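Structures given as structure tokens follow.
Each of the next two complexes has subunit A plus one other chain: subunit B in the first, subunit C in the second.
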Partner chain A sequence: MKLHINTELLVGIVAVVLGLIAGAVLMLVGGYDPVEGYRFLFAGGLMNLERIGNTLAMATPLILTGLSVAFAFRTGLFNIGTPGQVLVGGLLATIVGLTVNIPKPLLLSLMTLTAIAGGAIWGIIPGLLKARFNVHEVVSGIMMNWIAYWITYYLVPSHFKGSYETESRQIPEAASLKVAWLTDLFAGSYINIGLFLSLVAVVIVAVILNRTVLGYQLKAVGFNRHAAEYAGISVNKNIVLSMMIAGGLSGLGGAALYTGYASSIQIGVMPSQGFDGIAVALLGATTPIGVVGAAVFFGLLQSGKGFMSAMTDIPPEIGDTIIACIIYFAATSVLIRKLIDDFKRRVAKGGK
Partner chain B sequence: MWQIIVHIFPYAIAFAMPLLITSLGGLFSERSGVVNIGLEGLMVVGAFASAASTVALYPSMGAGAVWVSLLVAMAIGALFSVLHAFASVSLNANQVISGTAINMIAGALTVFLARTFTGSGNIQLTQGAPRFDVPMLVDVPVLGPLFFHQTYGTTWLILLILALGTFVLYKTPFGLRLRACGEHPHAADAAGINVFRIRYAAVMISGALAGLGGATILVTYSGEFNGSVAGMGFLALAALIFGQWKPLGILGATFFFGFAATLANASQAEPSLQVIPEVILKIFPYVVTLLALVLFSKSTQAPRASGEPFEKGKR
Partner chain C sequence: MDHVVEMLNISKQFPGILANDNITLALRKGEVHALLGENGAGKSTLMCILFGLYQPDSGSIKIRGEAVRIDNPNIANELGIGMVHQHFKLVHNFTVTENIVLGIEPCKGLALSLKGASQRIKALSEQYGLNVEPDAKIEDISVGMQQRVEILKMLYRNAEVLIFDEPTAVLTPQETLDLMKIMRNLIKEGKSIILITHKLKEIKAIADRCTVIRRGKFVGTVDVKESDEARMAEMMVGRQVSFEVEKAARAPGETILKLTDLRIPCRRKGDPIRIDNLEVHAGEILGIAGVEGNGQTELVEAITGLRRIESGSITIKGTEISQLPIHKRIMAGMAHIPEDRQKRGLVLDYSIEENLILETHGDEPFSTHGFLNHEAIRTHADKLIAAFDVRSGEGAISQARTMSGGNQQKAIIAREFDLNPEILIAVQPTRGLDVGSIEYIHKRLVEQRDSGKAVLLVSLELDEILDLSDRIAVISHGEIVGIVDAASTNEKEVGLMMTGVKAEARA
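Then we have the complex of A and B:
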């Protein structure tokens, strides 16, 4: 008897279950009731249309940052510069939204395009440095994050200050990715058309990776740089392209975050959606469809934790801790894989 | 100009020290062949351990609690880094991913614990490490006011560890083996060195030193734990590369970062610096690092096997 189970999916599910168990243990250590905690955590993300909408709105930037990390990962690159790309994308979208005065459909297109361009520029720099000078993309990505952080920190208060010192003016209704029919459909939640944009991005990335020459080359570089080079694929060109596309995806994520989910940009905060994108990509096994599943699940944890901490004494950080544990278990998936293989072998032997 | 330098020098040193010790931790880890981007998280863990133990011990021990808390921070940092060692040495997992997981766990878990035990996510220190003038030396012209005025005890401790670490790395059998594991683990293995054990030791040293780095931030200039060290761990990583994986190199790199960062903060108080926009001063260290990486790219001295899992049978 042969078992037909998708191992990647199984590994992901085991990592999630282990992460939830770790969270439960932690709640017990802190003297809380894990059953009640999880009940409110999931209820907070799912119990009515508004909360489901919020979960999806929370998942939208995560889909895009996860896709960004996953895409670069397929070319063998670690895009840790996602927070900076999100910031730059969000900042440019906000600036366009605050300053340009044209009809909503045109304005939204212009905003998303500038956000994509901004993120792409922030991604292309580490790409170029890697291709041209062999500078490790993790270090240059981190530097780019802090450069974006400080530029935002000074640019927003000096030119676009809102009612608080730490955030920009609210963008007008015409510049928001929230649209009336969608907001009404989900009983006034934060859901916005960024969700559809992110799903379009998922389809485009899936097509690029699986159905085009470009995708084939990108993956070839990821599998083995030297073999790809030998086969006549320009490694450097593909590294730059991959980082550019990855940056663009994160930039769009920034638009979805700051002009969709939120309606102003905060300074002094590195957007957590950036690093969470790494988590999403890993749990989603760096496949586009896996990214969507992982992003929705993390969006659920993120949007449910507020409700949980309001209804119980459990600190909301338990949500982030669970996500972090899941990533650790995904990182150590070698162990899980081995257990699954052993299990399959035993089943195969028993069923003979 | 001299006045400005004398004025900001103590701050620059205070800022550089946690970077330096964390960077030294990273040096041990990377020279043994394990990339540790979890330094940021290990610093957070160290800061938390130090804050919690200072607050717990202060009533009974008084000022001595600060020093005990540094030891606690090192121990907890080393313990926490075992997570990274287990994933990247025992399981051959992707070291960057494991390090990222360490960062995420540290940030979330420490605030969760702080909130559980103190009610808020922050822990305030009643008293940090005291500052003092080094007797006699402070009267030396030029150098006195720069290096021996208003110093922290932790600064001297960290410089001592740097000297000790350099000695261990270059003058002892353990150091030689550690560097061999980072350059050519298979040759080291063939020579009878237990690569796994060396790499575990190196990662745990990096955890202890990063823990001390986080604790140093807490007891010197921050005075409050809030679940983050504001990217200092990543900066330490950059200093490690900037300093070309050498102890003296990272000393220079971290002093540079200390100065650059302090200059940006001091510009609010120093009228002569206000001609330069603050944003330029703030992004200056990062841009220079990028440029330095480009300049060094030709002659890079990275440990050859850094980031590569060691598989015994692989050739």
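Then we have the complex of A and C:
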């Protein structure tokens, strides 16, 4: 018998199952009923249209940040600057939304474009530093995160203060990615057209990676920069381009987060969707489709964990712990892959 | 007859491959026993089993007639088996003595006491004619000397059986002769030697018997005196092999590649590489002969654009290329078969078809307006795979990583020839390949020359340079010490020049 199973998909599923088992063990140790816990966790994300809408809304920025990390990863770069890129994208979108007064379709276009541009600039800087001075993108990426953090910290209270000291004014309805028909369709959930934008981004990234000269060059640099250099592909140009595109994706994620899911921007918070993008990319095996699946799953856990803690005594931290376990198992996917290969071989042998 | 080592009916299976299939090798006391086989034939596996790095699945090992179990290299050492590795394992800023005693340092209390060791090394060195200075630092002595330090390391540990793994790969012809003298001395003093090699000439020169393995299987053990090179090659490859490179005389044409007053900064600190004048003509193979690390790599990198030059000029058909990016140099008519095919030549995670457009993916018909044209890429790949007989599991979509070294090299050669270059730069084009692939690649290089193109051949294999080249430029310490006509020179003269002795003025 020959087995035809997509190994990447299998690895992802095994990581998820192992993470859920680890979470169950934790619940048992804490004296809670895991069956009950998981029932409410998944019900919280899926039990009606509103909750499904919220799951998708939660997944939207994750799709974009996951795509951002995955894209850079294909060029051999680790984009750890996603939180900063999200913050800058979100900040710019909010500022445009609060200050520009034009019809909604035009305003939304302008907001998303500035968000993409802002994220792209936040990505380009580490890219340039890497290409020109060989500064590691992780170091400069983390520094860029804090620059974005403190710029937001200064700008929001001084120029766009809302009813609280720590957040901006609410953006007007015309500047929100939420649209009435979609909100109504999902019974008043947070879902917004950021979801469609993220899916368009998924398709564009998939096309770039698989069908274009640019994708060919980016992947060649990622797989083997020595060979790329030998063949006359400009390694530096591709590093900068890759970081720029990755940054732009995260910037769009920022717009989806602060002007779609939320209606204002907070200071003093590094958006967790940034770093979670790394986990999404890992679990999604750095493929565009995989990223969508992983992001929706994480969105489900995120939106379900509140319901779980409301309906049971299980603390919401368990939800985060399960996510952490899944990330851990996804990160050790090499081991899982080896286990699967061993298993396949044994099945193949037994089937003879 | 006394046997020091007997490896009887050894089999070793790795996932998916039977690396050793019922192999028997018996080493007599006081003989040089060659182990001959193509790459991947299972030579290394067999020696790793003898050295205790692998355990055989079946079969037995006897040392001096007694069955033994060798679980790790320490046991091999205790049994008197020593190995001179192809890549030396020496600490460069330590002295010879310090390197030799490493791991078994003689101590007085807590302090190191090297005096006795140093005297013993001197005595051993004299006994075997090694001529090694015990207090010299490794970084100050030649590669040939370093190899002798490795030999001394084994002798110091009282090894009776010495395994040499491709020992001549890093040596000049003169050093090779010296090594053979040393091997004879070792035999005279009662040692026994296993020589792993694929160079038939060396086997003929030094070995008493020769065991041939092919694809993990034992082919036979022959008496070297009663056998000739052609027969051993046939045993190794499984078919008849021609050693002669057929090459008709040809008048060289116009100058294609011209280097003038070139200065290239060197990787290690030291003087830059200096090439005052070097020309490669149409219809000519210019060979660059030299011992590894004398500036060949830097020279090739400078021409191909992988390394900046300090000053000087490089022209292809009169066009200055020394400041052009790599892509423009390729457009100007340059192709490059790189020294390290896995590092430079291929993206191992890409399929063959993707690798075959590494330089041309941005051009019609492989892409239009930035979009790849998969159909044209496939057609192109199928054409080259057929023309160059590139073998792989799944044809055009096989991952480069899954192919054998010979087929990876064929894929690179197919790609570079397909560029239809004015100047082809081939660096070590047959390194690590089996006799069959070497024969094929040599034929293709000569075809390129015969079609009126220029070829710059850089190789550490002197035979390859002598067989293929029309003219030979010898490089030593970063300078061209002389250019000779291949037809009127010989191994001895070129070998002497490789050590840095300038050739007498020639017309």
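Quick notes on this one:
To be clear about the criterion, the second predicted complex is superposed on the first by the 352 of 352 C-alpha atoms of A that agree within 3 Å, B and C clash if a C-alpha of one lies under 4 Å from a C-alpha of the other, contacts with A are read in each partner's own complex, and residues count from 1 in each chain.
Following the convention adopted for this analysis, contacts are C-beta pairs under 8 Å (C-beta built on N, C-alpha and C of every residue); 3 or more make two chains touch, one makes a residue touch a chain.
Being a predicted model, the structure only gives us computed values, none of them experimental.
In the superposed model, A:Ala131 makes contact with neither subunit B nor subunit C.
Look at A:Thr332: by the touch rule set out above, it reaches subunit B but stays clear of subunit C.
Counting the residues of subunit A that each partner touches, subunit B and subunit C differ, and the larger count belongs to B. With both structures placed on the common chain, the touch criterion links A:Val213 to subunit C but leaves subunit B unconnected. Using the contact criterion defined above for the overlaid structures, shared-chain residue A:Ser140 touches subunit B, although it does not reach subunit C. Of the two partner chains placed around the shared chain by superposition, subunit C is the only one that A:His226 touches, whereas subunit B remains out of contact. When the shared chain is aligned, subunit B comes close enough to touch A:Trp150, but subunit C does not. By the touch criterion defined above, A:Val88 lies against neither subunit B nor subunit C after alignment on the C-alpha atoms of chain A.
In the complex of the two chains, the subunit A residues touching subunit B come out as 26, 30-31, 78, 80, 129, 133-136, 138-140, 142-147, 150-151, 153-155, 270, 275, 278-279, 282, 315, 317-321, 323-325, 327-328, 330-335.
On the subunit B side of its complex with subunit A, the touching residues are 37, 83, 86-87, 91-94, 96-98, 100-105, 107-109, 111-113, 115-116, 121, 231, 234, 237-238, 241, 277-279, 282-283, 286-287, 289-290, 293-294, 297, 300. By the touch criterion stated above, subunit C contacts subunit A in their complex at residues 15, 304-306, 325-330, 336, 338, 343-350, 354, 358-359, 361-362, 367, 370-372, 374. The touching residues of subunit A, when paired with subunit C in their complex, are 211-214, 216-217, 219-220, 223-224, 226-234, 345.
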